[in-house]
Structure formats: C-alpha cells, structure tokens
Amino acid sequence: MNTHVILKTEGLCKYWGGLRALDDISLTFHDRQLHGVVGPNGAGKSTLLNLLCGHYKPTSGKIIHEGEPIDAIKPWAFARRGIGRSFQKTNIYPSATCLENCCIAAQRRMGGSFNFLRSRHHQTVLEELATNALEKVGLAKRRDQVAAHISYGEQRQLEIAMVLATSPCVLLLDEPMAGMGHEESLLIIDLLKRLKQEYCIVLVEHDMDAIFELSDQLTVMVDGQHLTTGSVEQVREDPRVREAYLGQGDEVY
Amino acid sequence: MLFQKRTERIFIWVFFPLALMMPLFLEQNTFYVSKLTTIMIFAIFVMSLDYLVGRCGLITLGHAMFYGLGGYIFVMIAPEYDAVNFWIYTFYICAISALIALVIGFLVLRTSGIYMIMITLAFAQMTFYFFSDSIEFGGNDGVFIYVKPDTSLFGISMFDLDNPIHFYYLCLLSLFNTLFFFRLVTRSRFGRVIDAIHENPGRTTALGYNVFVFRLMAYVMASALGAYAGYLFTMQYGFVNPSMLSWQTSGSALVMSILGGLGTLYGAILGTVVYEGLHYVLEHMTEHWLLFMGALIILMVILFKNGIAGYLEKLLEKRS
Amino acid sequence: MTTSLFFVQLINGLQYGLLLFLIASGLTLVFGVMGILNLAHGSMYMIGAYLAWYFVENTGSFTLSAIISAAIALGIGIVVEKTLIQRLYKRNHLDQVLLTIGMIFVFNALQSILWGDDPLGVQVPDALSGAVPLTEVVEYPVYRIFVAFLCVAIAVLMYYMINRTRLGMLIRAGESNREMVECLGIDISRLYTVVFAIGVMLAAVAGVAAAPMSSIVPGMGEHVLIACFVVVVIGGMGSIKGAFVGALLVGLVDTFASVLVPQLSSMMIYILMAFILLLKPQGLFSS
Amino acid sequence: MENNRKLSHLLLAGALTGTLSAQAVAASDEPIKVGIMLPFSGIYAALGDAGRNGLKMALQEKAAELHGRKIEFIEMDTEARPERAPEIASSLLDQHNADFIIGPVHSGVAMGMIKVLRNKDTVMIIPNAGAAAATGPLCAPNIFRTSFSSWQPSYPMGKVALDNGYKRVVTMSWNYGMGRESLDAFEESFTAGGGEIVKKILVPFPKTEFQSYLSEIGSINPDAVFVFFAGGGAVKFVKDYDALGLKGKIPLLGSGFLTEGTLEAQGPSAEGIRTTLHYADALDNEVNARFRQNYQQMFAKPADIYAVQGYDAGLLIASAVNRLGGDIEDQDALIKAMEEAKLFSPRGEITFSKAHNPIQNIYLREVIDGENKVIDVPVAALEDPARGCKL
C-alpha cells in the first residue's frame, strides 16, 4: 500500500458567524487511495471539500499539499497545484461540446491561454488529451455532442473527465452519484475503481454501499466534528457511528 | 475557418464590397461619405463594446469614457500646430488608454453585474466632469485640433486624411481589421477561456484559471480599441467635446450593440447602421423623431430577442 | 467656515438628500422586488413636475394638482407595467436597459409635444410661502422644510408598509424568493404591477414636490436619474434603508464639496460611489 | 457614370433619406437654401424654436425684397449635442449645398460647426451662441453673428454696478465658456473702475443645486451679486435666490439672459433684478412694436430675445440678397454686402464690426411687474473688441 501523503489538514475550522460548519479537522490523504467521507446532512462534508479546493478560506487551521501550506493561496491556484474537483450540482459548460469542455480543462494544463491570435483548433495534442480524458470515463462516443444534450449521468461523467483533463493529482468528488439510477451508479463505481489506481481521491457520497465498496480509508463526520477515520471494517464496527446516525434520526443508507 | 457562421460570411460578403464601392457612387456628395465614415467609426466603438458585453459578459455603461479619451489623449500629447504621424499616435493612444484601462479595470472588475454597470458609469462621469470643468482642455465647449496627422509609413503616404474619401477607406479598413482582430481573438485559445468564463465563471476558476486576469486582458483590449475609434472620430472633424464621454454615448452604443445582436460582433455593424439610418430618416421626416425612435426601440426589444443578427440567423436556419 | 454657515450647509445637504431619497426610493423598490432596472425612472420624475404645473394652471390648487398628478402617475405605472415591463421579467438586465431607454425617448417626446420646451415654474402654495430666518441674511423657506418632512414621512410610511403590512410581507417575500410567493397562492404578476405603479408614483410625487422649488425643463429627469443611481448603488440595490442613508450621504457630500473643493465638486459623488463600491462591492446595505 | 450617380442617389434615398435633390437648374430659379441648425429637442429646444420662428418670419416679411428668389429651409435638430455638430454642418454644406447656415444656440455646437464651415463656400450666421472665439480667434469672412459676443452684454454692467456704489461683488456662473467669458467681461470694467470681486463662483455645468453656493454668498454679504445663467438654470437660480432670503438684501445683477424667456416661470421672485442686454421686450420703438405684434399673431406666443436674433439673421440675409439683386453666386460680393448691411432690428439699429459681430446698444433693464423695463442705455453702439481676430 502506497503511504505517500499528498494532502493533509491540520486543525481545519470553518465558522459561519457562530455556526461551526467545520471544527478542528485533521486528516491525511494518501496517493492512490480513495478516501471516503460520510456523515449525515449538515455534517460538513461539502464544506470540507470546498476548503480543500480553495473555494472557501478556512477560519483557522492549515491545508498542506506536498509539504507546503496552501491555505492562503487563491482559489484558482489550488487547481494549478493539481487539486481538481467536481461539484454536487453538475457544473459544466452546457453550450459547448463534450470535447470542448475537456479542451478548456486540458488547455489550462497545456498553457497558451494568453495566445490571442492562434486558433484554438490548431493544437492536436490538446485534443488528444481531451479525448483521452473522455475515453477514460467512457464518453468517447459523445465527443462531438453538445453537453446540454447528453443524459444527466453522462454529464456527471463529463465533469469527472474535465477534472481528469487538467492532469490532477488529487480528485475531490462531491456526490458524483447523486440523482443517478442504479445502472449509471455502477458505471461510476467502476470508473472510480480504475481511477483510484492512479490518483488520490476524496469522495463524499451518500450511497453507503458504494462508499463501503470503494473506500480505502473512511472518515465519518457529524455536526462539523471528526468522529472517526479508519478502514471500512473499523468504521463499520464502531458503535459511535451507529449512534450518530441513529441518534440523528437520519436514515442509514 | 475564421468566420464560422454562415450569416456572418454572407454579411461580410455583402457589406464590405458594397462599402468599398460606395464612394464611386458618391463622389459628388461628400456628405454621405462623411456620414458613412462616422457610422464606420462608431461601429468600431460599438463592436469593442459588443465584445465586452456580449462575449465577456462584462456589462459597462462607461465605455464612452475610452471613446472620449481617444480624442482627449491626442489633444493632450500632440503638438498643437505640427502634423504628427498617424500610426505612431495610433500606437500612443492605444497604449496610453490600455494603461488607463488596466488601472480602471483593476478596480472595476472586482464588482459584478449591476454594480459593475454603475461603477463603470461612475468612472466615466468622473472623466466627463474632469474635461467638462477643465479650462485648459476647452471645457464644456470642447477643443479643436488644427492639424491632421499624416499617414506616411516608411516614407510612403497611403492616406491623405484631408481627403474625405481617403479617410473613409481608412475607417473602413479599420472596421474590417477590428472585426478580423476580434474574430481571431474569439477563435484563439484566449477566446476559449473567455467563452468559458462567460458561460460559467465558477467552473473556470475551479479548473485553475485566474478569471480576473483574463477579464482584465479583455477589458484592456476592448478599451484600447474603443479609444482608437474615438481617435478616428476626432480626426474626422478635428474636434473634441466632452459629450463624447457622456453616458448617453455609452447608452446609445449599448442600444446599437443589443439591436444588432449581442456578442455576434458583426451585429455591431448591423446595429450601428440600422440605428443611425433610422435616426437619419426619422429626423428628416419629423421634428418629433424621438417619439418614433423610442417606439421603434421598444418594439425591437419585444420582437427581436436576439437582435437583428439573431433574427437573420434564424431566418437562414429555417430556409436551409 | 463659520459655525452658522456650517449648520446652514448641513440643512441644505439634508434637504437635498431627502429629496433624492424620495426619487430614488421608487427606483430601489422596483429593482429590489422585481429585479427591473428602470432607466425611465427619471422621466417619471419629469412627468410628475409637468403634471403638477399643468394642473396648477388649470385648477389653481396645488393640493388638488398633487393628488391628480399622483393618480395619473399611478395609472401610467399600471399601463406601462401591463403592456411593456411584464414582457421582460424573464429577460436580462440589458433588455431592460434597452426598453427603458426607448421609454425615455418616448416620454421626452411626449413632454415636448404636450407642454412645449419653455422652462416652466410653479409658485409655492400660499399656505407654505413663509420663511424662517437662519442667519442675518439667509433664511429658509417653509415649503422646503415641509418637503423635507414629507420625505421623512414617506420614508417612515414605506418602512411601516414593508415591515408591518401584508403587502410589505409579500414584497419582502418577493425579494427573496419569487416561487415562494407563488406557492402562497399569490398572483405575483399583480404584486409586480402594484409595486411598479407605486415606484412610478413615488418618482412623480417627488417631481410634484420639487416643482415649486425648481425649474421645470426638458431633460430634468436625466440629471436626476444619474444622481439617483449613485444613491441607490451606494445604499445597495433594492434596500430602502440603503437608499435613505445613501441619499443623505450624497446630499451632504455634494453640498459640502461644492463649497470646500469647488474644482472637484462635480466628480465628488462619483468618487464617493467608486470608493464605497471598492470597499463594499454590493453597497452599504445589500441584502 | 451619370446613370450610376442617379442610381446611387436612388439607393441612398431609399437607404438614408427621403429627399432627393433636383440636379443643377438655372441659378436664379433655384431657391436660396437656408439651412437651420438649431436644437429642437433637449434642454435648449425652446431657444431653437424661437430662433427658427424669428428667422422664418423675417424672410416672409421681406419676401418682396428677394428679387423673386424663393427660400427653401432645411431644418436639422442639433439636440445641443456638440459631437454631432460637425456631421450636421457638413450635411448642410455638402449634401444640401446650403447658401446660408443658421445656427446654433449652444457654444459647444458652434465650435463644432465653425470647425467644418470656416472659410467654406457658404455663409454661417450665428443667431445666439456668444462664444468669444467665433468672432475672435476663429473669425472668418464667411462667419457672421446677429446676436452678441459674450463680452457685450456683461461689460457695461461693471460700470452700472460702480455707478450704484457697489464696491464688493460676488460673481457666479456655470463653469463653461459663455459663463466664464461673461464674468470676465464684467470683471474687466468693474475692477478697472476700482471695484473688487470678493469671490468668483463657478458651478459645474449643468448643475442646478444652488443652495450651498447661495448660503455662502449670504455669509459673505457682498454689496451685490453678478451672475450669468440662462434657461432652466436661470429659473432655478432666481427662485433659490428669493427662497433663501437673499433677494431684497443683496441686489442681484446679471447678464440679461437671466430674465429672458424665463420671467413667467420665475414669477414674483424675479422682481427687481437688473440686467444688461442688447434687447428688452418692452423696448420702445416702432420696429419692435410691429415685430412683437406680428410674432404673437403668427406663433401665438410672445417673442423673446432668441426670436429677435433669429429675426435679424433673416433681415441680414434679405438685405444682402436685395442689395445684390437676387444673385448671390459670388461669395465675396455677398460677404461684402452683408458686412455693409445696416439692419433696423427690433433692438434698434445694428451694423457689423470687422469681425462680423453686431455693433449695438446695450440696455439696462429692471424686472417690474413681470416685465423687463428699460431704465437706461449705459453704452450705445458697443463694439466687441474681437481679441485675436485677424480680419
């Protein structure tokens, strides 16, 4: 098992006024592992992802990427360091083709964005990168279709492809299976299984079966607090987890 | 292909050859030549605004600031009674206004939406009053430029700016170049990022683009071209007045841009020609032309959702 | 500046600010509830002033004229909303800008056709024609004090209406969530018509109130419009409280700037606005 | 080619305009084309309207003296927008081949027009704009003015103020050319006679919030106040002056435009204001009486200074056409005829200076019972110094 730590948080807090959305979270994320994060609604999972990708600034605490603290850098600089994310609500460019969606992403990696004159279509390497990303998620056949016209599940796949096209090292995925049918979910699970061979993945998901199946490490959060982290078995056995879910009156999925 | 839309290609093939031949028909009538020249110049300005508003999603009600600055920068830096070189001063004016746009854009682009409309207006009003209250720059009455620049490049003079026909061709060329330039830019990789930002700025940031810097670049570019249009306008009659900077100028440019079809670029030409043409016809027909102009604008907003260009595109689509 | 002059200027600034508030309140109300940016708001102010003149000439009574003018403005508001504005709710701000610029043209033309282009004036009603001495030379007319109080009264009334009445509840709900209001079984389009008409009426009432202390001329609406925008943006678009604070701020800054820094006075309110927006990009009291 | 040209005219007629000008016809049958470039919309619309009425009335009255030439008017709305002025001027010049171009009201527009029309093959007659430059540094053989230079109405007021024993005066106007020039002219004669300008207030144009300035004047408490304002601004100023209690305590003097065309709107606030101008409604002479009566009949409203100035532009054209026997082809002769013209204007006799600015009486008027009553003629036949003019 690869134990190289890519991303680490130390005492991460995010307060909205008096509300503690996230309180003192210290976690480590390893390369080529899928790190699942679960918890009832309002546990602070999405807040955690938003902090990790730089969308929010932490109230206190540190985010360390490859040994360097990065919590003070700009949101866009997170992605430049290879921290890519997908959103809970599908977040793509609906009027562009799937290929173009990925090209936008790949171009950030490739550079040349301040080239005012050269045609955007004149770079085959770029299109190759984008096509590869589409192939990885199994969307090659939708390459030239407009993103708004493909199915919802495919749009979620496309979003992951876009993140892949930026050649990231960390993938932050916020409920990639939300709103999907069973068949589509299986496709994504399959995809994530392949991806975790290459990337460090942080996965927030409500689908318990999926997350138990996929996670190498699993963190449970409740009310913005860290409850436990461990392997799937450890978490499953932990009585506090049951209590947390049952005590909340929330369904266990 | 640079001009991707069929409507746009047809437009270019109809408009520019017609515009090229126009002076042949009009050699007797310098008025029409200069009227058309003014329209071309304003179309450049409208196009630069159209790029900002339609392509970048940056709505400004202060773009006339750069139109006016184009003229006033010339007044400020050129010697009063010596002919200067047109191309060198084109460079100066674009560079200086780009610099100003860089500073203003740095402040303005931190806001968005309706607030950006207002803060751009605020800066334009400030410059308006700066020149209108000044004494050395002619104040509210404006100021003359006595000598037209000469256009020699490497010793060859291509245009004689005192000749209205020459000047017409210079402006037509500038208009075509502006369209060509903006097409290049929209097709480029930079343009790809601008399109992405326009459609979904949040996503673009998450992909690692510094959205602010791209917007700033676009703002600087459009502002410099807006100033170039103002410079040409100043050249045409040798006259600068603060009203070039007024919010009414920004407003009417915005109207023309929306009328033509926002973000289509060539629509800016359509919008300007139609608006100015209507203005001209109505003004000759009735003293109360404002009434009809207003009513027509209202009708167009309600009927043509995507401007004239959008309407034409739809028409072509239906037929094919 | 002597202390007495300072106080006189303070009163000048407050009075100007209060009038600005009266005009701007309608603009910010319409924007806040309906999300409509009405550039023709200044024209309504102009129309109000012309109506006041017309009915004073024909009825001889300022009070009567004010009531008729306000009623007509309300009618104009309803008609304009039903025929034009209603078509624009689903469009963006730009189309609204275009439409309302068209309306400015039409109103300006109508003004010229109906009432001509000569500067007109309305005399201060007799009951309010006195003055209060402030210094040896300067005195303050009762009418202007009355208008200042009227503006405060309208501000209080609006505050009460928005916070205490059913209409106000709907307006507040409409600001935050259109669908919710519809779920409550309220006809949102009727609410919008009412709000727009009230906005128009407020502008027209401001025009009526201003008529006896200013000159009624073509284009008077456009100058006011820009000042109103500054007020509304400083306060935060859609916030009545913001408009009140913004108006007083603009009134005071403009008044004192014209005395203290005359070279910069015309730029001062724009500098103020740019400065505030840079510190608070959504204005002082944005919701 | 001829065909082509016709085609293009047709095309343009369709595309741009509804008018189609007839091609060359014998000169004498052709009407004299008079282009009118005045504001018919926007804040100066009333002034433009009056100027046009006066002009048309004069040419109608003098129709018999035109040697059979008809007059064709081409009217263009400047909207008082200076940036449009060059375009409209060149339209009248090149498209309509106007023989005379009458305009404008606004000095900024005048600058734009002069830029295009200076030394061109048409005669420009300014019926209002007082910018000193038009008959100063920018003067030209083909530019005439039938109104005034900014210097003329204000200069005599300095003397009047001194005669009344005012020593300390505050001056105030909008901060634009016409305003500043008026204040300077007043200051010139006033300080030459030993007066002191204690404060000069320049209000940004077109701001009409005067209260703060007036409060300040109240605290200075000068012997008198001299102002230049016109139109809507004049109405607002006079009302504010009264409302803040300055009226009756500090005498208000002004360039005559303060109370021209605005008296009705100003109401009782204007009573007692003294101004100097080259005209007064109640001027007691035969021409004026007839002029005012006819004007009232034709246009159903009283004439004003702007109508007079337009009227005189018409008189100037008529007298020149008459003297040349209807043939105005030779521009030099036309200009000479205009230079030597002597007009019997409602404002009294006027002739033209070398710089083509009228030499005219300046009247001291006082508002009494809502009318400008002439109480004195401080300077008769005043000629503008035309500084900078090389004619």
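General observations
Per-chain numbering from 1; labels A, B, C and D assigned in written order.
We take it that a contact is a pair of C-beta atoms (placed from the backbone, for glycine too) under 8 Å apart; a residue touches a chain by one contact, two chains touch by 3 or more.
This structure is a prediction, so every number in the text was calculated from the model and none was measured.
When the interfaces A-B and B-D are ranked by how many C-beta pairs touch across them, B-D comes first.
When chain centres are defined as mean Cα coordinates, D lies farthest from chain A.
Computed centre separation for the pair chain A/chain B is 44 angstrom, with centres defined by C-alpha atoms.
With each centre defined as the average position of its C-alpha atoms, the distance from chain C to chain D rounds to 35 Å. Work out the mean CA point of chain A and of chain C, and you get 50 Å between them.
Multi-chain contact residues of chain D, defined as those touching 2 or more other chains: 41, 202, 204. Touching two or more other chains at once are residues 129, 132-133, 290 of chain B.
Within chain C, the positions touching two or more other chains are listed as 108-109, 112, 266. Contact between chains, using the touch rule, shows up for A-B, B-C, B-D, C-D. Interface residues of chain B facing chain D in the complex, by the touch rule stated above, are 24-26, 28-32, 34-35, 38, 129, 132-133, 135, 138-144, 233, 236-239, 241, 243-244, 249, 277, 280-281, 283-285, 287, 289-290.
Contact residues of chain D toward chain B in the complex are 4-5, 7-8, 11-12, 15-19, 40-41, 75-77, 81-83, 85-87, 90-91, 93-96, 107-108, 110-112, 115-116, 131, 175-177, 180, 202, 204-205. Residues of chain B touching chain C in their complex: 53, 59, 107, 110-115, 117-119, 121-123, 125-126, 129-130, 132-133, 247, 251, 254-255, 258-259, 262, 288, 290-291, 293-298, 300-302, 305. Residues 41-43, 45-46, 49, 201-204, 206-209, 211-216, 218-219, 221, 231-236, 239-240, 243-246, 249-250, 261-262, 264-268 of chain D touch chain C in their complex.
Those residues of chain C that touch chain B in the shared complex are 31, 37, 39, 84, 87-88, 91, 93-95, 97-99, 101-110, 112-113, 226, 229-230, 233, 237, 263, 266-267, 270-271, 273-274, 277-278, 281-283.
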